[in-house]
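Sending over a structure as structure tokens; questions will come in a sec.
Naming follows writing order (A, B, C and D), and every chain is counted from residue 1.
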Amino acid sequence: MSEQYPALLVIVPLLSALVISVAGWVNKRLCFPIAVAALGVAAWSSVGLLFRVLDEGVIVYKLGGWSPPMGIAYYIDYLNGLVLPVVSIVALLNLISSKKIVEQQFPDKAGPFYTLYVLMVTGLLGIVVTGDAFNLYVLLEIASLTGYGLLAMGEERAPLATLNYLYMGTIGACFYLLGIGYLYIVTGSLNMVDIARLLPPLYQSKAVLAAFIICMVGVWLKMAFFPLHAWLPNAYTYANSASSGLIAPLMTKVMVYVMIRLILTVFTPKFVFNTLAVHDAVVWLAVIAIVMGAVLALKERNLKKMLTYIVVAEVGYMVGGAWLGNRAGLTGAVLHIVNDALMTLCVFLVVGNIVYKIKGYAFGDLKGLFAKMPFTMGAFVIGALSIIGVPPTCGFFSKWYLILGAIQAHQYGFMVALLFSSLINVVLFFRVFEIGFYEPFSDHEGHEHHPAVMAEAPLTMLVPLYVVAISLILVGLYTGDIVNHIVQFVIPKGFM
Amino acid sequence: MTDLISTVVAKYNYWIYITLMMIGLYAMIAKNNLVKKIVGMNIFQTAIILFYVSIGVKKGATIPILEHGHGPDVHHVVHAVDYINPLPHVLMLTAIVVGVATLGVALALAIRIYNNYNTLEENEILTQVREK
Amino acid sequence: MIWPIDLAILTLVVIAGIGALMVKDLLGAAILFGAYSFMMCLLWSIMGAVDVAFTEASVGAGVSTVFFVAAVFRTSRRTKD
Amino acid sequence: MKIIGLIIVVVTGALLIYAAADFPAWSDPASPASTYLSPYFIEKTMEETSVPNIVTAVLADYRGFDTMFETTVIFSAGVVCFFLLRISRREEEEPETRYYRHVLTGVTIQLKEGYKIPPSADFERIDAVWTPPDLIIKTGCRILIPFIQLFALYVIAHGHHSPGGGFQGGVILGASVILFAISHDLRTAVRRMSEKLIGILCAVGVSIYAGTGALCLLLKQNFLDYSALAGVLHVDPITARSHGILMVEIGVGIAVLATMIWIYNNISSAGRYRQGL
């Protein structure tokens, strides 16, 4: 059976989404267990795939039995072998946590919610696993459309924020499609590996240059890379916490994966870093992204929105790291995809718990929270330390590699930006700690309660949170193994 | 000069697709009405489809449906030059479907916004948001 | 392919597209968008993409326009630009 | 905003025009796109899948995986529209004043909250913005709809040999039901084809596609490798591919049919089926 893992990875969630959709009409209580089972199978096969990749190297799976470039094929190498388990496990954990939120906020729509949730994970897994440039576009649209649906279900402003996201997301996806069209017109192929084989004689072509620029702009729009980030903060803030807990950790990270995939596999580093040689400019753009993200986060008096700006800054980390053009920088960027997905999940789960209990996430609502929700806030501290980059949490190690890469590439601006953003993160999170720890709890009418009664979130929300929080430390402790056994094989030979 | 004219004429499909795409893009960025933006989005998407279909065109070739598909001479030799490139058509069928799916979702969102704010003009909505 | 027809339809496509964006009535915009889609469909059938043209005729000019009209009916026809 | 838009448009346009200079000449038979992959499809389709319409063969077989997700895209659009707009049956309160029409006399009556009409088939519930039914439109549509549906079925079934296939046929089928809903009213249409049926049909359509693929998986071949069906269908592998394509086209047709109606129902009524367009 294990040779069918690549197919199962995508097919099981897809078929289960359909079953969930039917179950929603028959008995709503069936939806959640089916969704958990589906994502469980996906997580199982993604971990299985990772171990197979470690044993055997690149796995090629031909869909429909047609060999590429005629048909569509999956390529699973070290890069997506690493990203796949992250996507499926993050989705699974957030799913378990979302049960109570769904019951609280829209109990009647549990069926369509879980359908869309599982479909979105299908799309994300498909994006990561596919080896066909056009197939990636279709899966990207699945992930985006379901994402719009999930995000729009929230506060009053959510639909408007989501509609803006939809405009930007459609422009981004269409740019990607156009870029693929440009590659197709000069090479005649759609398979990523095949395009890479056909491209070298065409490196000087204007069409290839335009294709690269358009693809990159499209992907940057999707991942909210500064200055194309304007849609992200509102869309993520006003959404319900079950959806933002899925989309905030995964969507941007998966798009960063797509960018690295385009650079490494489709256009090849030789074209990007030698022929084109614009990487310095992009790194500077990343510097601005990091600084602006940090400064804008500082301005917010609202926990969830503050976190969304941190997401924007983190995108800057990864883009900058990938464009440094050296081994350490790329290692840091790949490692940061894993770490940032976990860190963002951790803090967004915390926000989910807070919203579930307090019904608000502005700074004013956080007063006395350490007394009220000690376990949730305990996990929040771990997540915050990891985002700041304190050892032994994993955030430290990816930042370490990024700084190392910046020094090797003589990009001191990037190094300074990383340190500056860590400093700002310290300020940001300690401000939240201060409000939560020292200021007494008060309810919405302003009556002060002494002492605050402990009202912790239910166990189904705390267990996933603690799994993530502990994994933050474990991933940190095993960073060396991850780098030695997986990440170093991601980087192509001959890369500095 | 004749060189320029010949390039312009030889690729006028590409110029039209760029024009349409820019019209759509401009509408998406600059228009104030949400439904107008959605119209712009659709024009933008169809422009890309036009581009792909233009890739597939082949001089002196016919539509990609094989003649004598069934019958006595099923196994006559098919020459690739006689038929238009089918691959872009396949891709664009998918893109059209994605377009209509996006349209449905966008309109659903627009209706929800209208239910909340009773207007479709973006600046009027933003004023209402700020007043709250 | 007869180039004058091709050129005429290309021009009409652009005019219908601009018209759909300029007209100060959303119902009119929806109908003009339908015209735009139909012109596009003709263009593609001229180029030999029969399947794509068929799809566009049924989806773009047909169902999409119906969706637009239904949505405009549920919201408002008013637009300032 | 207009100036920013203009700048972006000019820059992007300039980039695209700049790049277009390096394109192969338009409609050039020697361009890479026409010489690299497409000859394989054109020359081998008949031999390998026995489908004369190359587009159908590539769509549903060589790149069948794309098409499966294309169907999923449309399915998810339907679910999103439902998720966002539909007001749940429990929350959807009856409007305060309801209108009924006595079919025989054409008298319209208005009922306030709490009042009921006697159970009789002579009364018909109507919308608040009701317009008198036009006999010509109603009858005309009733005559047209069966022919439209027949054509749609032909399009699905004949997709192997002529333009068309599951997607186009499904849209036309859906359009025929939408036409019915427009010419009568949404309430009548929903009574004929209930929401639950539509919701389940959507999922069933996609399941037929994905299920065909999964069947191939169970028969020890790769996903969507229709030649695995040869043993089940008792035909040679090439004909099995042709049959497999037909099966998935039917699945696409059902999914698209149901989704189009679903999206229309939700958009045209803004989620309140009791007061439809």
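What we mean here is this: contacts are C-beta pairs under 8 Å (C-beta built on N, C-alpha and C of every residue); 3 or more make two chains touch, one makes a residue touch a chain.
Every value quoted in this text rests on a predicted model; they were computed, and no experiment measured them.
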{"item": "Chains in simultaneous contact with chain C and chain D", "value": "B"}
{"item": "Centroid comparison with chain D (C-alpha atoms), farthest chain", "value": "A"}
{"item": "Comparison of A-B and B-C by number of C-beta pairs in contact, larger one", "value": "B-C"}
{"item": "Chain A-chain B separation of Cα centroids, rounded to whole Å", "value": "29"}
{"item": "Centre-of-Cα separation between chain C and chain B, whole angstrom", "value": "11"}
{"item": "Cα-centroid distance, chain A relative to chain C, in whole angstrom", "value": "37"}
{"item": "Centre-to-centre distance between chain D and chain B (centres being mean Cα positions), rounded to whole Å", "value": "18"}
{"item": "Sequence positions of chain B contacting 2 or more other chains", "value": "12-13, 25, 54-57, 61, 63-65, 87-89, 91, 93-94, 97-98, 100-102, 104-105, 107, 109-112"}
{"item": "Sequence positions of chain D contacting 2 or more other chains", "value": "16, 20-21, 23, 31, 33-34, 37-38, 41, 53, 55, 59, 63, 66, 70, 73, 76-77, 80, 84, 163, 167, 263, 267, 270"}
{"item": "Junction residues of chain A - those touching two or more other chains", "value": "134, 138, 141, 145, 148-149, 152, 159, 184-185, 190"}
{"item": "Overall pattern in which the protein chains touch one another (line/ring/star/complete/other)", "value": "other"}
{"item": "Every chain pair in contact, whichever chains are involved", "value": "A-B, A-D, B-C, B-D, C-D"}
{"item": "Chain A to chain B touching residues, read off their complex", "value": "134, 138, 141, 145, 148-149, 152, 156-157, 159-160, 162-163, 166-167, 170-171, 174, 177-178, 181, 184-185, 190"}
{"item": "Complex interface listing, chain D residues touching chain C", "value": "53, 55-56, 59, 163-165, 167-168, 171-172, 174-175, 178, 182, 260, 263-264, 267-270, 277"}
{"item": "Contacting residues of chain A [partner chain D, same complex]", "value": "4, 7, 11, 14-15, 18-19, 21-22, 24-25, 61-66, 69-72, 108-109, 112-113, 115-116, 119, 122, 126, 132, 134-135, 138-139, 141-142, 145-146, 148-149, 152-153, 159, 182, 184-190, 198, 205-207, 209-211, 213-214"}
{"item": "For the chain B and chain D complex, residues of the former touching the latter", "value": "7, 10-15, 18, 21-22, 25-26, 29-30, 54-61, 63-67, 69-70, 74, 78-83, 85-91, 93-94, 97-98, 100-102, 104-105, 107-109, 111-112, 115"}
{"item": "For the chain C and chain B complex, residues of the former touching the latter", "value": "7, 10, 13-14, 17-18, 20-21, 26, 29-30, 33, 36-37, 40, 43-44, 47-52, 55-56, 59-60, 63-64, 67-68, 70-72, 74-76, 78-81"}
